[in-house]
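Given below, in the form of structure tokens, are the structures.
Each of the next two complexes has subunit A plus one more chain, namely subunit B in the first and subunit C in the second.
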Partner chain A sequence: MDKQNKKAWLYLLPAIVFLGAFMVYPLIDVFVYSFEEGFNSASQTYFGVGWYNYAYVLRDPYFLQAVKNTFLLVIITVPLSTGIALLFSVALSSIKPLRNLFQTVYFLPYVTNTLAVGLVFMILFKRTAYTDGLVNLMLSWFGAGPVDFIDGPYWAKMFVLCFYTIWVVLPFKILILTSALASVNQDYYNAARVDGTSRTRIFFRITLPMISPMIFYLVITGFIGAFKAYSDAVALFGTDLNAAEMNTIVGYIYDMLYGNSGGYPSYASAAAILLFAIVLTITCINLLVSRRHVHY
Partner chain B sequence: MKVVLQNLTKQFPGRGKKAEGVTAVSRFNFEIPDGKLVALLGPSGCGKSTTLNLISGLLEPTDGRIFFGEDDVTDLPPENRGVGLVFQNYALYPHLTVRQNIIFPLQNRKGADKLSRQEMNRRADEAAALVQIEGLMDRRPKELSGGQQQRVAIARALVKMPRVLLLDEPLSNLDARLRLQTREEIRRIQKQTGITTIFVTHDQEEAMSISDLIVVMKNGVVQQTGQPQEVYDHPVNEFVARFLGTPPINMFRGRVEQGRLYIGRDAVLKLAGVADQEVMVGIRPEGFLLREDGPLRCRLSRVEVMGRDISVVSSHEGAESAAIRSIIDAENRVDHQAETVRFALRPGKVHLFSRETEQALPFQLC
Partner chain C sequence: MKQDRYARVRRAARAHKIAGSVVAYTCLTIWAVIVLFPFYWMVLSSLKSYSAYNAEYIPQFYTLAPTLQNYLDAFTAVDLGRYFFNTLVFTLITTAIMLVVVTLAAFAFARLNFRGKDLVFTLFLALMMIPNELVVITNFVTITDLNLRNSFAGLILPSVVSVFYIYLLKENFAQIPDELYYAAKVDGTSDLRYLLRVMVPICRPTLITIVILKVIECWNAYVWPRLITDDARYYLVSNGIQEIRENGFGRENIPAMMAAVVVISVPLIVLFLIFHKKIMAGVSRGGTKG
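Then we have the complex of A and B:
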């Protein structure tokens, strides 16, 4: 028994070492940093221990802006992208000809590089001295004035960011949902048909509950992914996100570590812990809600 | 409700350009009298499930008509036909409780047909009582055994008071003991409700034991229809004879010569009405009588005692298979050591089939 135990630990050792060194230790370290006041990364010294880093971050207007941006992004993009993906998947599942072609087309954005997509969006939305951009051209057909989506008003920039995020996460969600829809046993639909169930009722009472575990998975990962958004904003608005009022929490953390104002690992750690707390809370709420509505 | 199938045909298109279509059901003509329990019986791939789906409306026939009573329902969608369908895997909605599952068809009603909540619950309770699952109404399907799920599925099919009840392989997902129990149960429910019921099975014992009529199918073509005993006693061709009965019928290569039936060198029966020819002889296991001077001489392999009767396994040069199984009364004493065993035959249990057409050859004894 004892020997068996030792063997088991031996087999687990490689994983434990790597997880410990690269996951657990940094996690603890971030937690410790966030309480060390006036930490200097060059000399590895600090003045004292306390809540000052948190107080600073929570009073920092850039951080508050980043929190607002992130929350807006999450609240807008997660439900919208999941809903739109569901719509596309249902449509894809109900057509027969060209289904494979459409599935490929819808999956293409997933394999496209974020920054390349960002460039395309710049071309679509950016105003330059020579052109107002493609979207503004289309707006002008409907008599709407040109809007500067990249350097203009806050709502326009937020719109572009949300649009971009939804577009980027859509393919993966469509992929997951089409396979979830395909895995629902046809007999359920036949049974419902024989009983004269309307299409809407079939969708809400049979299809949705059947694929609810997958939807739940997408919502959870969607929330977490959106809370960690950063590269999308950089791709659209460049690296100086604070100036563009388009920073996200992860962007703020990055800036605190390496940006122009960088060199503040304590503030970055405090912000990271705050982000962790937010994501944890939201995920817990998700789990509680899902218990009633997800059927495994 | 009487169900009439006229010339019912279903062809599935082949996949690819050159592929030929498959005819799953071919020119099916049958009339099911009101209130009967009918089994569609055949090996897998014979078109019995397709026939059921055609009757339910889930599939459209390529040709032919379907009548419920006097109504032509061929062009009606399934929901307007008034059929209750029980699927092989039951297709119970896993996220709904038993009560919600049973009520589901009633909640689909619209307009004037709409029922009050009390009425729906009353009908659900009624259906549940019929299949004896009253105590399980608040459980989820996965908390039920296979047999209980089966009952829920039947209750869900019955709750809307269908004109015709259709069951697709209703017993195939159950273990042997439960199968016996459930088939009695299906018989009881059918008797009690009086609903015309059609069920599909590949198990001939199941079909024979509970149905009023059986339809034996092969490759989409109906071979024989009739009361189970009738079909068993008078199979129209070799396929039906082989398919019905456990243990299966024993087949011999024989010939008719001047009014005598020969199996190998043994002249086993005197008969009339069959021209001299090579024939296939089918003898039911219960068609053998142990006689010291019996005409059919077999080499004894072993004797299996089963209590009520004895199963004698022997071999004969004319037999198609290596072992002939005969079932004889336990009062007979068989010498286990003997090398040969001799049988007389019960004429009613002997069937002759043409070698060419495989059709039954009627004969008289003399």
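Then we have the complex of A and C:
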């Protein structure tokens, strides 16, 4: 037994070393950092211990802007992307020919580099001195005026960010929902058909309850993912997100840590813990709501 | 008369169904176009010559004079080849180390008995809930203190382990019947040999899933490489593309930029087209994004 004990720990050793060094220790350390006031990364010293870092971050207009952007992004993209994914999944499972082709095409954004394709979106939406860009060309067909979506008004930038985010997250959601739809027992549908139930009623009374655990799973992961949005924004608006008024909470953390305004691990830690607290609260609310509405 | 009415009802039902699938196909086709269009546009723009692209006040949907000059520029004007090579090295090494560490840990949890196993496993699972943003700050400081900035070790080490993959693999290992293990023990097979000769081959689908997910993750990694590298010799493709966007080529050389984007996107797309069934099955089992 003792020999097996030793051997088991030996097998676990690499995982424990890596996790200890790069997850457990940092997890403790981030709390320590967040309470060290006036930490100087050059001399590794600090004045005292307290809530100052949190107070600073919460008063920082850049942080408030980032919180506003992130919440807007979450509130717009999570319901919209889940709804659209549900729509396409239902449409996909109602057809036979070409279904595999559509599924494969829809999945393509998942395997692409967010930064690289974001650049293409930027070019499609951007207005320069040389050209109004493709999207503005299309808008002009409908008589709408040219809008600079990348350096223009706030709502236009937010629109592009939401659009790109939905484009990026949809493949995963469609994949999950189509496989959920395929796994619903056909007997329910046959029974309903014998009773002459209408299609709408079948959808709301059978399909939706049966796949509700998966929808709920997507909503939770969607919330968590959207709160961590960052590289989509970088792809569209460049690394100086504060100047573009398009920063996200995660972007704020990284800016505080590194880059032109960086070198403040304490502020970054405080912001990271605030983000964690927000995500945790929202996830708990989600869980409570689901307990009432999800049929397992 | 009765039969006539029956036929009419059937015809109506069929018309209803056809109308339904027309709507379905229309919606699906529109979205397919939206998904594919950026890819078409990046290939198209990369084939237009610099002067032709900039002369188009109204963007053209096709080009009659395709050129490969932009691809040449992409590899000569910036160090795209190097970014590419770096990403390849980073992806291969990270995935290889991850595979070894994860397999060993999953084996210990699934097959071996030791004191405190349940406790350690619970702790591992608890770590799954820790978001990366929370630990990245200290990791950044650690790697900087170790003088590992701008090195492959600094890039790779914190990206190696994923608790989720240990969990996924452990579940799969646990499904292998115990009898096999005892039979192997009777034959005097060592644990390691049993793991490599029996468990790994049986669980190959799961291992492939894990590898695919990790490769996609590595190829698209942006945040950590950006923090840890500021020397262009160690840029990965994501950082390279951001660098190109902000300083390379001169800002207005969009065709060359698009050529770089195509080059960066092609490997994963080719991989996807070959293995699309496996990849989609793998992601629906263990993927998260968005």
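Basically, the second predicted complex is superposed on the first by the 278 of 296 C-alpha atoms of A that agree within 3 Å, B and C clash if a C-alpha of one lies under 4 Å from a C-alpha of the other, contacts with A are read in each partner's own complex, and residues count from 1 in each chain.
Operating definition for what follows: a contact is a pair of C-beta atoms (placed from the backbone, for glycine too) under 8 Å apart; a residue touches a chain by one contact, two chains touch by 3 or more.
Model, not experiment: these values are computed from the prediction.
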Check your understanding: Sharing subunit A, do subunit B and subunit C clash or fit in the superposition?
Key -> fit
Practice item. Please work out whether A:193 is in contact with subunit B alone, subunit C alone, both, or neither, and reply first, second, both or neither. Key: first
Exercise for review: Look at the residues of subunit A and decide whether subunit B or subunit C touches more of them.
Suggested key: C
Exercise for review: Classify the contacts of A:157 with the two partner chains as first (subunit B alone), second (subunit C alone), both, or neither.
Suggested key: neither
Practice item. Enter the shortest inter-chain Cα distance between subunit B and subunit C once the structures share a common frame, rounded to whole Å. Key: 5
Study note, to complete from the structure: Interface with subunit A, subunit C side, in the complex: residues 20-21, 23-25, 27-28, 31-32, 34-36, 38-39, 41-42, 45, 54, 56-59, 100-102, 104-105, 107-109, 112-115, 117, 120, 124, 127, 130-131, 133-142, 157-158, 160-161, 163, 166, 191, 216, 219-220, 222-223, 226-227, 237-238, 241-242, 245-246, 252, 254, 257-258, 260-261, 264-265, 268-269, 271-272, 276, 279-280, 283-284, 287-290
Review point. If you look only at subunit A, which of its residues touch subunit B in the complex?
Key: 185, 187-188, 190-198, 201, 205-206, 209-210, 212, 295
Exercise for review: Spell out the part of subunit A that touches subunit C in their complex, as residue ranges.
Suggested key: 1, 4-5, 7-9, 11-12, 14-15, 18-19, 21-27, 29-30, 33, 41, 81, 87-88, 91-92, 94-95, 98, 102-117, 119-121, 123-124, 128, 130-134, 137, 165, 167-170, 172-173, 175-176, 179, 221-222, 224-226, 228, 230-231, 234, 238-239, 250, 253-254, 257-258, 265, 268-269, 272-273, 275-276, 279
Point to revise | Of subunit B, residues touching subunit A in the complex | key: 56-58, 77-80, 83-85, 87, 89, 91, 93-95, 104-105, 107-109, 160
